[in-house]
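Each structure below appears as structure tokens.
One chain, chain A, links the two complexes that follow: it is found with chain B in the first and with chain C in the second.
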Partner chain A sequence: MDYSQFLLMTPEVTLALALIVLLVADLVMGNDKSKQYFQTLALVVFGIHTIYNFIQGEISGQQEAFSGMYLTSNIHVFVKNMLNVGTLLVLIFSIEWNKKENSNHIAEFYLLMMSTLFGMYLMVSSGDFLLFYLGLETASIPMATLVALNKKRNESAEAAAKYILTAGFSSAVMLFGISLIYGSCGGSLYFCDVVKSFAATPVQIMAMIFFMAGVAFKISLVPFHLWTADTYQGAPTSVTAYLSVMSKGAAAFAFMIVMWKAFTVSNVAETVWHNILWWIIVITITVGNIFAIRQKNLKRFLAFSSISQAGYVMLGLMSGTSMGMGSMVYYLLVYLFTNLAAFGVISNIEDKCGKVGMDDYDGLYETNPKMAVVMMLAMFSLGGIPPFAGFFSKFFIFASAAQAGEYLLVFIALANTIISLFYYLLVVKAMFINKSNNPIAPFKSDNASLVGLTICTIAMLVLGLISPVYEQLLAWSFGVN
Partner chain B sequence: MSEFILLYFVIIPLVMMGVLYLIPGEKKDLIRKTMAGGSALLVALAAYITIEFIEQRSAGATAPYLFTASKVWYEGFLNIHLSLGVDGISVAMLVLSSVITFTGSFASFAVEDKAKEYFLWFLMLSIGVFGFFISIDLFTMFLFYEVALIPMYLLIGYWGSNAKEYAAMKLTLMLMGGSAFLMVGIFGIYFMGTPDGAHTFEMVTLMESVSKNMPIEWQHIFFCLTFVGFGVLGAMFPFHTWSPDGHASAPTAVSMLHAGVLMKLGGYGCFRVAMCLMPQASADLGWIFLILTGTSVFYGAYSACVQNDLKYINAYSSVSHCGMVLFALLMMNQTAFTGAFLQMLSHGLMTALFFSLIGSIYGRTHTRDIRLMGGMMNIMPVLCVCYVIAGMASLGLPGLSGFVAEMNIFVGSFQRSVLSYEEGNWMFLIFTILACTSIVITAVYILRVVGKMLFGPIQDQHHASLSDANYFEKIAAFGLIICVAGIGMYPSLWTGILNFDLPRLVSLFADKTIVAPF
Partner chain C sequence: MEITSIAPWVLLLPLCMFVFLGLTSHKFSGQTSAKIGTVAFGIVAILCYYIAGQYFFGSFSVVNENGYEVFNKTGEVYNQMTIFNMEWMKMTENLIIHIGFYLDPISAMMLVVIATVSLMVHIYSYGYMFEHGHFDEGMSRYYAVLSLFSFAMLGLVLATNIFQMYIFWELVGVSSFLLIGYYFFKPAAVSACKKAFIVTRFADMFFLIGILVLSYHAQTFDFDKLNANNAKLVMDAFQITAESKGIAFLGFPLITIATFCIFLGGAGKSAMFPFHIWLPDAMEGPTPSSALIHAATMVVAGVFLVARLFPVYSFAAPEVLNAICYIGAFTALFAAIIAVAQTDIKRVLAFSTISQIAYMMVALGVSRFGNHETELGFTASMMHLFTHAMFKAMLFLCCGCIIHCVESNEMKHMGGLWKYMKKTWICFGIGCLAIAGIPPFSGFFSKGEILTACFENGYKAIYIVMTATAGLTSFYMFRLFFHIFHWQENEEYATMKHKPHDQEWQMTLPLIVFAVLTVFFFLFPGFNNGITATRGEMEMPTNWFIEGISIAVALTGIGIAYVLYFKKNDMPKQIMDKCPELCSFVYDRMKIDEIWYGITRSFIFGVICKSIAWFDHNCIDGFMNFCAWITKHTSYNTKEAQSGNVQQYVWVFIMGVITIVFLAVY
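This part shows the complex of A and B:
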């Protein structure tokens, strides 16, 4: 066996090392006195992992390890780095919450978070259905535990139960699809083998649809979205942020790799999944938007908003060109900072006074102008208003779909952005225009959250106006062929 | 940096925003001084650009755009440029925008509540407007167009009056709806209008390549999409409904800037993007929009007759006058084009004047209902005389700007109608005559207001003790009246500037057969 293959897996290796270090540290730091340093240690270890991977050199072209089981390239590594940054931001936002509400389970929080991240890495890099499935499960099961972490609240347990049951069911469906693929594609699960023997027979089409259904659950595409709102509402806010950004982003990218690598062979297969995805996108965007209008709880509100955002992300799959991939990753990057900014504000306010209703935000600008401005920027960016980054990411991903000639789809998606702008403006209206008799009292947030919010705000303002990020992503991306 | 001189139209407001951000909110005087100084600078810059433009053109510069500067923004496949440049039409629009920003700043000195935030949003709005007119790259044009839309929401929603939240939401969503049409059109122009591997957003290249590369059926589709997209902003019937509510609820300066400049973005965009890029499609399908805009012209005028709220009267009159801009553009000959752009200038200035006066009157009487006011001429003579002048400009009195514009528009329209009638089609003739009748109706609603509100007995004795215009209201009103009268007295300055470029653009349509269904 050629051990140098492990060198390609730097992100996984360092993350595994970090996990082991923290596990041992948790064991060693037995007493309460040293436990208070665990949080600092975990942040430092994860920070080192993030920075170390960030400064790695470029990879030349697409490479594979373990005879095609594991794929990597610059864009894969970029997605992993992006996930690292996002996780780091979530961890920063949750420092205060960990200290106050979760002091007995700090180690569990960090270890579970990093285990799901490990699963996502595998999912992103998989070159084989089996590894994909393993990654998906590794990402899902610790996630359910994270959702249930808030033991004192019933909603948290309910959310976790909903999550694990739907996750289990969808894994079963997906596994069934994978076994059909295995049976009908000559007994191999490597993407590169499947693509050769995929003849678009009815069984294979069914297998593909089952597989798509399994992933659609993870990305929470309609009609597999039913768990989303309750889980988002019940989970601790930092976990919700993690679910809505990282989990979704990793799954969306992995989904694109699988569809392009394994199922884009004959025109028949491509037409089938294109048509299915076309309708899924339309329904996802519309349902997500329409349900979001009625939400009064901001976490639920962002749940539905994230459903419709997932629909926009899927537009990147339609073209099959490097522009599609680059635009999708860029969209995920912008979405990460934007959504984390929104969740950062929500978790800050929730920590300080326990309010998450939209009505509670009335008159926020009068009492906490900085928080209100960050939230407003996040809403504008999510709604796609220039000059914030969200406008650019939307423009590019729509352009990639238009490149494939999907003008009608682009038009429907654009019409939906009007609905989405309506409810994003409702939040802005609450904070700036509405008056309140009982506003959120002025508070000073902790330094860590301020750092996190500043990073997100700068990213929202700058990411679109400077072009090198997107250009680099385009250069690293690749198309179907 | 001297080649990027046009960029100062964006940089100056940006710097002003930075300065305002640093000034503490309580120092309202300092904020107002910053606004006055900065917007005066913008007027000076616009004047400089105009003079320089005339000089260069007179010296024989024939490039389609002057003061051009281009820098690649997004390299590679997307090929987005930050391209700046102006021709005669954009110069006129820049002057209009800077004058209205200047007078609008003075008109907003009355804002006391959160003045700092108000001016920050106001400046962002003006960045969008200026940026739109200096861009000659479709992407940046679209970007600035959207930048101009969103400040409207908060400006109307927070500082407005009446049903402000409803109006703000309606306006924002309808205009965003327009931009959804527009964005699809832009994608179409980008991907189909240029050959593979050489996609670009740059207008100069697109002017030649779109009609060559895009199949005519697709041109038809994208012409409709872009025309409707910009038409929403130009208050084209039936997409005009945001305009009365929006204008009636907006604070004074926002109404001024919105009716005065932002609605011109619509007509300008229709011409630049929809018509000039796809002349064949506009010749084929122009009649659809001619029916719609013709309807706006007289529908707006009739609606204005039955309104009692001063702002609603002017909002509907704006629908009518902006409809006339699009109407004239669709006639596709030189006289009508000249009229259309003069009408943009004229309508921008006189509506701004109207709204600033209405704001001043409303600020004193706290009502805008003309049935509750009377004899204002005795109480506040300066404001009322200005109002009469604005009204006269609106109904097309010779010597003021409205006459010059409408004269050109209708002469141009009749030229086209007669040509079309000789071919056996009477549609153009019918709509031209219908549009002409709107002049009479304009006189009806203007004189109705003048008669009821300015003359006659004083309705409400509380009004008798009200004061007349103060110094900043006078600056705003007199500045605008000078401009309105200036265009009316000396139109050849502006027709001259426009005529540097219009012949080239008219020639795009010269060899096309304008289709009419009946």
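This part shows the complex of A and C:
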């Protein structure tokens, strides 16, 4: 066996090392006194992992390891780096929460978080259904524990139960699909083999749909989304942020790779999944929007907003060109910073005074102008108002779909952005216009959150204006075949 | 220093200053912000001088996009250099917007003008805004916007392509809007800034149409490609030959429409008739910003635009140049007549600015490619742009000093100030002599060349109009001068607590610098070496007959002003009483503003907007409300779907899968 193939797996290897280091450190740091340094150590270790992977050189073209089991390329590595940055931001936002509410389980929090990240890595890089499934499960089972981390709250336990039940169900359906693929596609699970024998027979279509349903559950596409709102609401806010951004982003990218590599023979428009996905996108965006309108709890509100955002992300799949991939990754990048900014504000406020209702945000601008401005920018960016990054990401992803001739779909998506703008502006209205008798008291947030929020804010403001980012992504991307 | 490595900082530094000063306005005191802003702009100015100096007198090269090395000078001819050209936004294969740095003789000259005037205004404002800023954070805001303006103006003149120019064109408009409306608590300032913005935006609409038509056919935004080989690309794209004017639209040649629309954009910024109405009102802004924006730099953007596309105009659309010179001549005379009757000293200067910019436009309009004589107008125009920027900025800054002392803009509150403000008196006098065209001051040379260009190229009628305007110019400028500094001393001065006096050095230094530049302009290396239509050397003929007439006319104007206004007397009043209607008509700026208001209020608002509003209210809003109503009701009626019941979730999940399989297979 050629061990140099492990060199292609640098992100996985360093993450595994980091995990081992922290696991051992947790065992060694037995007493409470040294435990307080664990958080710092974990952040430093993860920071080193992030930076080390960030400064790795470019890969030439698409490479594979272990006879096609593991795929990598620049865009894969970029997605992993993006996940690293996102995770780091979530960790930064949760420092304060860990100290106060989670002081007994700090090590678990970090280790579980990084285990799920490891699963996402495998999912993103998989070239085989089996590795994909393993990645998916590695990403979702520790996630349920993370959701349940807040042991003293019933909601947290309820959310975790709902999550693990539906996740188990969906992975059963997905496994069934994979076994059907194995049976009907010549006894191989490598994407490159499946695509050769995929002839759209009814059994194969059923297998594909079962598989799609399993992944759609992770991305929370309608009608596989019902767990989303309850889980988002019950989970600790930092976990919610992690779920809504990283878990979704990794699954969406992996989904694209699988659909393009395993189920697309020549071009996307002729495939079976094209029409299915077309309808799923329309329903997802619309249902997400319609349900988001009447939400009063901000975490629930963002859950539905993230459902409709997932629909937009899926537009990247429809073209099958490198522009589709580039614009999707760009969308995910922008969405990451934007959504984390929103969750950063929410978790900050929740930490300080425990309020998450939209009514509680009335008059926030009077008392905490900076938080209100960051939240406003995040809402504008999510709604796609120029010149914030969200506008450009929407623009590019719409352009990619329109280039593939999906005019009706783009039109429906555009019409839905108007609805989404309405509810995003509701939050802005609450903060800036509504008056409140009992506003959130002015507070000073901790330095770590401030750093995180500053990074997100800068990213929202300038990401759209620095065109080399998108150009580079476009250069790294590839289309079907 | 490598030009390529320092060039980006010319744009980046002012931009950073804008962001920095804007964000930290509450952290620093106004004076600290002012110092930071001034020092930073000082660095920018040094970079500008260095680049312009290297370009004109040094020798360096850059590698262009085809891989050839381009030197700044080949023989006697200066080359156009693209120092850098960054791809900013790639919309489609052809529609790519670049942000770059383009160096040719006129942009290098503009670098010098902008750097000098802007730096002087930065320094001057430190003294002026300290008293007139009204509030501390206001001064930070002022300096932030000043940086934004410098950034935008530099980006405009250095643009490599017409779209970049358009972007910075709008940024210049925004910063002008912000500075005019600086005193946002004064209703007059608020309405003035809105007026300036709306009028120039209205003209910019034509500019955008022109850009789109031109670049749609030429398939490029780049000035380099548009202008190259006697605008061959444009000629081919529009199928212009010696016999025909090429593609037509509504019976007009399309190229004429496109280039005229582009000129209209320039006419808006450069306050040509009938878009001039915003400039006099723009005087509501702080005086130093008027000196920078509304006298020296922004208002000449239109002239610069025509000069930038001069090969296109000259080869593809000479009829537009004709139109430009007639519009210019009319504007020059018209503004000069109005200036005679104004009593607000800044308004007089505003109208004189309109009139002088019109001179530059006329000079471009009479100029064509061909031989040295026909190309004279181009050089004359650029020369007048330079000299006018210097002496007009000085006059405005002098006005600032006077307003600072007298606390009024009205002439009737002034008189006899020469005793108190010797330095301002001398500088203002030099400025007046320069604008009147008295040798050896700078205005004499540039104005003389413009008149020569008109005369030699056969535009005799325009020559006569421009000479008459020159006479009027010297009359109204000296009317202003005598009225402010002589006439009759205002008794209040003696009793005032702070007697009028020359200002501290921050406010005096810029005056002296500009005065030196105006007086010793004749020592400058010649404009005929480089800043010409062909970028090479050319002879500047001196037609002593024309120069003589222009001096005589100017002296006559000064003489009349001396008789009427040097000492207080009743003659001006007697003359005005003979024709009160005419006087008030001219004082009211010939009612052009009222005509515009009439058109907008009765026609646009009354007829067009009302009907559109009805349609909007009843049809579009109705439809939208209906959609919103449906969305809202669906939202509330589907509450039950999300029950929190896991069994139901799973049921939906499996039903979803089954439905999709069913639909997909059958």
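One rule holds for everything that comes next: the second predicted complex is superposed on the first by the 476 of 481 C-alpha atoms of A that agree within 3 Å, B and C clash if a C-alpha of one lies under 4 Å from a C-alpha of the other, contacts with A are read in each partner's own complex, and residues count from 1 in each chain.
As a working rule, contacts are C-beta pairs under 8 Å (C-beta built on N, C-alpha and C of every residue); 3 or more make two chains touch, one makes a residue touch a chain.
In this text, all values refer to a predicted model and were calculated from it rather than measured experimentally.
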Ask   = For A:F291, is the partner it touches chain B (first), chain C (second), both, or none of the two (neither)?
value = second
Request  = Pick one for A:P439: touches chain B only (first), chain C only (second), both, or neither.
outcome  = neither
Inquiry  = So in the superposed three-chain picture, is A:E471 touching just chain B, just chain C, both, or none of them (first/second/both/neither)?
reply    = both
Task = Pick one for A:A402: touches chain B only (first), chain C only (second), both, or neither.
result = first
Query = Between chain B (first) and chain C (second), which, if any, makes contact with A:L414: first, second, both or neither?
reply = first
Key: Shared chain A surface residues [contacts with chain B and with chain C]   = 422, 467, 471
Note = chain A partner, complex, touching residues on chain C are 87-90, 628, 631-632, 634-636, 638-639, 642, 644, 646, 648-650, 652-657, 660-661, 663-665
Request  = Write out the stretch or stretches of chain A touching chain B in their complex.
outcome  = 323, 380, 385-387, 391, 395-396, 398-399, 402-403, 407, 410-411, 414-415, 417-418, 421-422, 425, 428-429, 432-433, 467, 470-471, 474-475
Message = Which residues of chain B touch chain A once you look at their complex with the stated criterion?
response = 73-78, 80, 139, 143-144, 146-147, 149-150, 153-154, 157-158, 165, 169, 172-173, 176-177, 180-181, 183-184, 187-188, 190-191
Query = For the complex, which residues does chain A have touching chain C?
reply = 161-162, 165-166, 169-170, 173, 202, 205-206, 209-210, 213, 217, 223-224, 226-227, 229-230, 272, 275-276, 289-291, 293-294, 419, 422, 467, 471
